[in-house]
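Here come two complexes built around chain A, the first alongside chain B, the second alongside chain C.
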Partner chain A sequence: MVFFFLLFAIVGLASAVMVVTRKNVMHAALFLLLTFACVGATYVMLRAEVLAAVQVLVYAGAVMVLFLFAILLVNMPEAVRLRQWTRQSTVAVVLAGLTGLWLIIATVRAFTGFAAPPEAATQPLGTPRAIGEALFSDYVLPFEIASLILLAAMVGAIVLARETAREEERPDEALTDLPPDTQEDQQPV
Partner chain B sequence: MWVDVLIILLKVLVVLLALIHLGALLTWAERKQSAAIQDRIGPNRARIAGRAAMGLFHAIADGIKMVTKEDFVPAGAHRTLHTLAPAAALFPALVVFAAIPFGDVLRIGERVIPLQIADLNVGIVYIFAISSMAVYGTMLAGWASNNNYALLGGLRASSQMISYEITMGLSIIGVLMIYETAQLNVIVQKQGELLWGFLPKWGIVVQPVAFFLFLAAAMAENKRVPFDLPEGESEIIGYFVEYSSMKFAMFFLAEFVEIVIVSGLVVTLFFGGWQVPYLYADGFHWPFGWGVWQLPHLLVVLLQVASFGFKVLVGCWVLLTVRWTLPRFRYDQVMHLGWKILLELAFVNLLITAVVVLLIT
Partner chain C sequence: MPLSWYLVFGALLFMIGVVGVLTRRNVIIVLMSIELMLNAVNVTLISFSHYLQDLRGQIFTLFIIAVAASEAAIGLALVISMYRGKSTFNLDEVNVLKW
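Our next item is the complex of A and B:
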């Protein structure tokens, strides 16, 4: 168990470092994928199966796929030559240090006086039912707020896309507005 | 202890070998079936000891050909990723089946063996998580080949797979609502219940719309005709144009193994998995009070596994028939169908299911 934890932790952290240091953005993305997979594996070892599956489904299967999709459209030789660093290391160090400190404090506080709930042995906390019940009872407000934020982001994306589409005002718009199956007949003979 | 490990290893071995061999046999089935559909004879030349065996040896000949061909990496290609991409395409296809139950429990003396490799309580989420990784194989193949046509094929493939993944996931949620679990063997067990005393509570009966949505989306994920735009072997060029030898064979095998997976998933979720109508652990319980027909345990298990295998084969046959009957969609039609028709239908189906489930319980 400890061996596997160390394996996933070391591989995950090492590839996280690689994500930041690689010049080729495709390599960076693939190392990020490896990090996500290692985090998912640690979730499995903590018996949080739902979290693990969702981690792979959402981060590795959806978020990173969209990243790669954007990368496929990038001019790679030019992108590699771009400057990789902005000169704001002071701000970065301060922010990263504060975040790290806060994480350590939060972890320590969570584990002092921590006792497993009595039913934990028989009822694993990572089942879909347990997570669902927690989300819709104790954590319903954060859950709803998160869904509202996502909805707002979605509406925003659609509005932005619509505006650029309207600006383009393509001359062949009359054709593309037709249902797809009648388009063929409208082509000039 | 070591017996348990041995049993698990044996199950993994049996399922893996069954998957790969069924995938290889499907290449033969596809040729013979397409020949029958198009009124041709199909492969009949490869002979061993003067026997053609209905062209079965062509699968072996194909294997030999693939292994002995030159393994070519184009100039300027990304060598590591070019090699990794076929593995990334084949891996999810081979691993997904671990969560699909192919039978109930087998009792030998004191020992109880579940006929499923991994009984995960997140079974269906696991399947979606793993199959969402399949897109990396196509993306990396397109990108690493240093070929603009391959790159465009990879883009087409990934946008199509991302689009239909959403419909596929949403169509299943209705099934989860009705059976109230994500555990695949529980879903199958609950499909053994009867509606109104005679109708098996199969997924197709309680979620018919979800079945069609899932089937369409899964076929799009599989990237075969009518959704074969990523590849388009007859006129446009696909993402694995720069692949030869066994690397190409791995893409090819992944596609055929995915047919088995799609069929297995459809059977598990909508056609009762290993259930035989009215067959329970101790034998047939006929409806309308026609009595009980006792059967020995081993025969029941055999019937269940045979039922699962038979249903999967029928599913494969249907998928092959669809592939050889329909023409290919145009790209805008694929996107239109995915985003403006199937997705909406999936949402409506979800809403109606939720209301009905709430009203009944």
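Our next item is the complex of A and C:
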């Protein structure tokens, strides 16, 4: 168990570092896929099998396909040769490192020796039945709000894509709808 | 296995995501780093859910995943729109709202 946790944690963290440091966006996306898989494996070790399935379906499936489509649509090979880092990189790394160090120290001090209750190993908590019953009884309002958010995201994505499409059509309209004073050749004086 | 290991894993993942958001210029990699941070939060929530034997952490994670999926869709639509408008990937070149 400890071996598998260390394996998934180290592979996940290493591929997360690769996501942040790669120049090629496609390589970063594929390393992100590996990170998602490792995070899903830790969900399985925490006995959240439903969430692991959702992680693989939504993150490694849907979100990843979205990223790959976006990368292919706006493919810019010369982007690899551009400067990759902002000018505040050093300050940002130092600040994020200090924050992470503080977070790690705080959690280790607060939760060392915090063991799972004995029934955690025998009966899994997040069975599909339990999650479904909770979603459709106590959490039915957040569930509906989540569906509204997804609808709004869908409409928003379509609107953002359509707006640019209309801008591309505009030159054609300008050619057909010429103002009358420019059509001098058709009106002999 | 102690709870703090999972929390340290989540904290490190979050830290890597923060570094990615703050240091990269490529907007797609910044979006990927945001996904990394959301994953780190999910790891923390699920580990607390397991160690406290409370289902609410997992329900919360489910909603976070839904919001993250819509965030990725909108963010990538914005990336495509930005690329068509300004022909750039770099965040520091998109500063018309900055003065």
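Heads up, the rule we're going with is that the second predicted complex is superposed on the first by the 118 of 189 C-alpha atoms of A that agree within 3 Å, B and C clash if a C-alpha of one lies under 4 Å from a C-alpha of the other, contacts with A are read in each partner's own complex, and residues count from 1 in each chain.
By our rule, a contact is a pair of C-beta atoms (placed from the backbone, for glycine too) under 8 Å apart; a residue touches a chain by one contact, two chains touch by 3 or more.
Just so it is clear, the model here is predicted, and its values are computed rather than measured.
In the superposed model, A:V19 lies in contact with chain C only, and not with chain B. Contacts of A:F111 after superposition on the shared chain: chain C is touched, whereas chain B is not. After overlaying the two complexes on the shared chain, residue contacts for A:S137 are found with neither chain B nor chain C. In the superposition on chain A, A:A53 makes contact with chain B only, not with chain C. In the superposition on chain A, contact of A:V74 is made with chain C only, not with chain B. Within the superposed three-chain arrangement, the count of touched residues of chain A is higher for C, of the candidates chain B and chain C.
Once the two complexes are overlaid on the shared chain, A:L66 sits against chain B and chain C alike.
Once the two complexes are overlaid on the shared chain, A:P128 sits against chain B while remaining clear of chain C.
Shared contact residues on chain A (touching chain B in one structure, chain C in the other): 50, 54, 62, 66, 69, 71, 73.
Within the complex, the chain C residues that touch chain A are 1-9, 11-20, 22-26, 28-29, 31-33, 35-36, 39, 42-43, 46-47, 49-51, 53-55, 58-59, 61-63, 65-74, 76-81, 83-85, 89-92. Chain A contributes residues 26, 30, 33, 49-50, 52-54, 56-57, 60-62, 65-66, 68-69, 71-73, 124, 127-128, 180-181 to its touches with chain B in the complex. Against chain A, in their complex, chain B makes its touches with residues 78, 81, 120-122, 125-126, 128-130, 132-133, 135-136, 139, 142-143, 151, 154-155, 158-159, 162, 165, 181-182, 330, 332-333, 336.
Considering their complex, residues 1-2, 5, 9, 12-13, 16-17, 19-20, 22, 25, 28-29, 32, 35-36, 39, 42-43, 45-48, 50-51, 54-55, 58-59, 62-63, 66-67, 69-71, 73-74, 76, 79, 82-86, 88-89, 92-93, 95-97, 99-100, 103-104, 107-108, 111-117, 119-120, 125-126, 130-131, 134-135, 139, 142, 146, 149-150, 152-154, 156-157, 160-161, 163-164, 167-168 of chain A touch chain C.
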